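Below, chain A partners chain B and then partners chain C, in two separate complexes.
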Partner chain A sequence: MATVSETTLVTTGNESGTKWWTRFLDPSERTLAVLLLMPAALLLTLIIVYPVCRLVWTSFQNLSLTSGVPATFAGLENYTLMLEDPVFWETTWNTVLITLITVPGALFVGLALALMANLPFNVKWPVRLSLLIPWALPLSFAGLIFAWFFHSEYGVVNDVLRRLGFEGVIWFNSANWAFAAICLTIIWKTSSFMALIILAGLQTIPRSLYEAADVDGAGRIRQFFEITLPLLKPAIVVALIFRTITALQTFDIPFTMTRGGPGTSTATLAMYIHQNTVDFLDLGYGSALAVVMFALSMGVTAVYLRMIRAKR
Partner chain B sequence: MTLNKTMTLLLAGAAVTLSASVAMAQTNLRVFVSSQHRPDVWRKAFDMYEAKNANVKVTIETGGNTSEQQAQYLNTVMTAKDSSLDVMILDVIRPAQYAAAGWTVPFNDTLGSDAANYMKRYLPAYAEANTVDGKVVALPAFADAMFLYYRKDLLDKHGIQPPQTWDELAAAAKKVTEAEKDPNLQGLSFQGKAIEGAVCTFLLPYWSMGKQLVSDGKLSFDKEAAVKSLKLWKDFVDQGVAKKNIAEVATDDTRKEFQAGNVLFAVNWSYAWGQFQGAESAVKDKVGVVKLPAVQGGQPASCLGGWEWGVSAYSNNKTEAQKFVQYLSSPEISEFMAINAALLPQFPEVYTDADVTKAVPWFANAKPVVETAKARPVTPRYNEVSEIIRTTVNGVLAGQSTPEEGATQMEGRLRRVLR
Partner chain C sequence: MSQDTTANRSIFSGKPLRILIGFILVVNGMFPALWILFTSLKTEAELTVKPITWLPHAPTIANYLRAFTDQPLLLFLFNSFMVAILSTALTLFVSVLAAYALARLQLRGRDLILSAIIAVSTFPLVTLLVPLFEIMRALGLLNTWVALILPYTVLSLPVCTLILVSFFEGIPRDLENSAMIDGCTRIGALFKVVVPLSAPGVFTAGILAFVNAWDEFLLALSFNSNPMLRTLPVGITLYQGEFAFPWPVISAALVVGIVPVAVLIVIFQERVVSGLTSGGIKG
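On to the complex of A and B.
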């Protein structure tokens, strides 16, 4: 390979051989590796590094598309505004709360679903399919469907409550109930993803371990805590990383269910970013908010990665 | 490089084709019309223009169900500097924003030095809403305002006159709902959902107390009046005059519930009237419409609505587009739309036109309401102002915060935006 390219390059290129690209003719593996990585690195720079740098730069600017004036350098103004902005704190707190509730919630429900799906059924596909459906459903569809479920007058949830003799709840008229409805929807939507990953983990556990445990007289519960759970840990950590990052970016479900209401009590940070950039066209402030969310996601990922390393 | 070159060639080709078509004097105008404002009838008005101007072809584009959704779509088109739209219909709150962002072309060149005079033919509120720093940034398409709709049959039955104040309305609503013993009958329906309509909900009693939100571009927030306004609406909920989930109610929900016969009093825009008289309406011929009540000791106030025609700054046919808009914003078309689509005229004299009064008799009563309706604050950052007011109204009605807390939050957040 190297020789072929060398000859073609030399015959078509210049003869002096002192140009900068000549070192790429060195057939060592290291240079080849750099060459082969180059397209991917360039692509990543173009679609990730550049936008992120641009975002950070915009966050230091006064840039509002509705003002009609060109961008000016604002220093840390957007960030100081943010610290005084009660809606920023409220939406950030809501985002953290959603993460703290729905990630463990989805983990427990997902674990239970995976254990059930792993039972020796004769016909496995209906179980697997019902696990896949919530995962395959677009987030905003799930939000719209559950908004109807929780509708105070026409919703199925209140209908069931009334049939059981309770009074219906006006779900979206109270911050707590609306928050509960959103968390339930998110858990429903995301636990199937947890279940799929955990199910894959479950199937890698050799049956012989359980047989040996049976022989030793360990009960079902003991087997679960001594064999299943420890061996599932890697799968669970992977599922948690994915779920936590998407939870920090929660947008679709509260957006379609409550639009952040009542008031701003169920709005998330991602919704506030969307509002500032898309509705208000205040790109400077919106970018500063996005930088904070980016930092938050990076921080959480770093903690998880450290956890994985520590385990090894 | 090659890609760039191809693009340049393509663009140049497109430009040549475009200028060629201009030279052949065939102009294609693409017009955005809000889907809730009878695009089918506007189409007929466009056809009439095409018949008179053989060189112009008008295509209609509709989308979005609410003012916010349409604004979101147009925001995208305008920030992309997309030239595909030539003319767009804008909610009365937007011409000032669009002008500040440089998204519309002023009409001054077309209208000449007579621009200010030209605007005098419209109702004063619309001349004002479409003029920014002496520039005519858009021309009025039709007028609108909020009214109080009531069930004439029920008020007559219980011997009650339409209320002049909000207190009278509460008393009347209690009397009728108690006597009727219909669990589905609500006393009053208004907009409590966090939509544009909730901004008017807040402003109606606030204005009625003689207060302004913004004067000379500066915030002139009267906290006491704001607390009273929020408390007025919250009391309606607490006293059972309005239903408990009013924080979920949007403009068209009010219309639907009234139309189904479940509401005694409703605050709504003029479009509701036509629907109430429709074949599917349970309240046909049982509806009365009057100006909105005032607070005790205050003046009645209504929220100014209406929509305006703007010409995109990115249009390739600005001159033709402006000529077309002048045609659309003429007394003839106003009369045509009043008769065929029940859209309120932006010209004072059209209200008393014989054909109009025959087709829509209640327009005679609507004129004084439109004339005295107040405009929402004019500021380039209106979207933010609107969001602050509507989420606060929504939060207070849902019991999320007290009227006092709501007014404090509103003031703090408005100060940040209008600093």
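On to the complex of A and C.
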């Protein structure tokens, strides 16, 4: 907000004869602009800028609210502790794995849903609603609903498996099956947002391009790879940025489905941060963990931004 | 969904195939919500029959009665509503002011501010759990609605501001100028002319902010440990049964939680789609 001091000094000529309070009521455009941006700037400072500084600072502190000891400077202690902490590695690995599975998964399912939804349906609202409802459903609700789907005794998934002649699976007793159930749920929940973005992209592609390709004798599959996909790329990259950042923060669905179990085999980094902060009140260690997550998401954003720039 | 068939034409032009594909889409989107509705209408006895039944044989509202009496579900609903509505109102107020400055006024560094807003929209709020927890604790705001309203406002601020900027830019300046000639101040013109004319944009931004706040889980779980201040997602997730997780009651509570947002979505579906996708296409 360096512009504040400059702009308040600017007094426009036609106001020079008026009293100071009329100038206050009808300030110059630049002053007004700064005033109007103030509330947003204050909120962002309180909720993002100051907390980010505080986060980095706390990650170098010994700060546990349970001990009652005031904070002391710990240097890199929290970070070295982290490197030797198997739960840190496990939860980070789970988070990365969830991201690597569910982001491409949601992209492919979302692309398929968008291509299907782009057909010329006579009645459009059922299709639109069936893409919007999964998006609007809270992640935690999706987790609870799918936990019931995957219930070993009374779940609909095992019911269908049994009807098809398979054995039912006890999903939440095994690390791998629980992990699979979580990933399927995340893909279902997030693919509809992908589909909405991709669908909007599809609808901006001019029909004449396909007609020209028809004339040139290009088949449907070639048209898809040489017209549809390249033109969808900007929309897809933006959707991928948002999806990847939220995948790295995965908390709600594993928490509601398994609470990280069995053991810590399906716990994510966000869940470990939450546990250290809220349950153990070890703010120093929780901060160090959060710095790692912050670095991960900054890295992802940087890679994607480079992709966008390279394409332009 | 456009009139022009674009990407995939003649292969799928057969009507039966199109109906089948529509059916697949609807089942994919609706089945989980429908299934939880069916579950909520079954008696406890029916829920423990094997093999399981699909449609409820003897629909009952007993689970709904229990959902409201076993736990303070009405209070959870009230907390969720108040937090979502207050944060939506605050988001709209702050983003209307900011968007007007960005869309209309001479401003140095306008492009820089816009890209900063886009950067904030991808910010991982989870990483700020610790410092926000400390700040709310220091300000004595833990176990209040305010502890959630402030972060939720920031969560929706970027997208709402971007939507409003593009709407404000579409309002003719003449209308605003004539209001100012009639004696309105600029701020008066903003709230009497620009905002009413951008009502669709304000609505879209408001719905997105409401849904964001209604859905949030981690901060609500972390900041408000007092059961009386739980929002709906937290309240339902932390439901304690006497023995196992009480699925009949949970499913009824979930339906109660889905209905308000579903109604919003059904009424304003086209606005929501345009709001969600505007960011994606421009970026």
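Here, the second predicted complex is superposed on the first by the 269 of 312 C-alpha atoms of A that agree within 3 Å, B and C clash if a C-alpha of one lies under 4 Å from a C-alpha of the other, contacts with A are read in each partner's own complex, and residues count from 1 in each chain.
Quick note on the criterion: a contact is a pair of C-beta atoms (placed from the backbone, for glycine too) under 8 Å apart; a residue touches a chain by one contact, two chains touch by 3 or more.
Everything numeric here is computed off the predicted structure, so don't read it as measured data.
> For A:278, is the partner it touches chain B (first), chain C (second), both, or none of the two (neither)?
Touch partners of A:278: chain B and chain C.
> Does the superposition put A:184 against chain B (first), chain C (second), both, or neither?
neither
> Residues of chain A touched by chain B versus by chain C: which partner has the larger set?
C
> Once chain A of both complexes is superposed, is A:224 in touch with chain B (first), chain C (second), both, or neither?
Only chain C; A:224 stays clear of chain B.
> Please indicate which partner A:235 is in contact with in the superposed arrangement: first for chain B, second for chain C, both, or neither.
second
> Applying the touch criterion given at the start, work out whether A:213 contacts chain B, chain C, both or neither, answering first, second, both or neither.
Neither partner.
> According to the stated criteria, A:71 is in contact with first (chain B), second (chain C), both, or neither; which is it?
neither
> Do chain B and chain C touch any of the same residues on chain A, and if so, which?
Common to the two interfaces on chain A: residues 153, 278.
> Chain C touches which residues of chain A in the complex?
3, 25-26, 29-30, 32-34, 36-37, 39-40, 43-44, 46-48, 50-52, 54-55, 58, 113, 115-121, 124-142, 144-146, 148-149, 151, 153-156, 159, 162-163, 188, 192-193, 196-197, 199-205, 207, 210, 220, 223-224, 228, 234-235, 237-239, 241-242, 245, 248-249, 251-252, 255-256, 270, 273-274, 277-278, 283, 286-287, 290-291, 293-294, 297, 301
> Which stretch or stretches of chain A touch chain B in the complex?
65-68, 81, 84-87, 152-153, 170, 172-175, 259-265, 275, 278-282
> Provide the residue numbers of chain B that touch chain A in the complex, in ascending order.
Residues 68, 71-72, 75, 79, 97, 100-102, 193-194, 244-245, 247-248, 380-381, 383-384, 387, 391-392, 394-401, 409, 412-413, 416 of chain B touch chain A in their complex.
> Residues of chain C touching chain A in their complex?
Result: residues 1-9, 11-12, 18, 21-22, 24-26, 28-30, 32-33, 35-36, 39, 47-48, 50-52, 54, 93-95, 97-98, 100-102, 105-109, 113, 120, 122-135, 150-151, 153-154, 157, 161, 185-186, 211, 214-218, 221-222, 225, 233-234, 236-237, 247, 250-251, 254, 257-258, 261-262, 264-266, 269-270, 272-273, 276-277, 279-281, 283 of chain C touch chain A.
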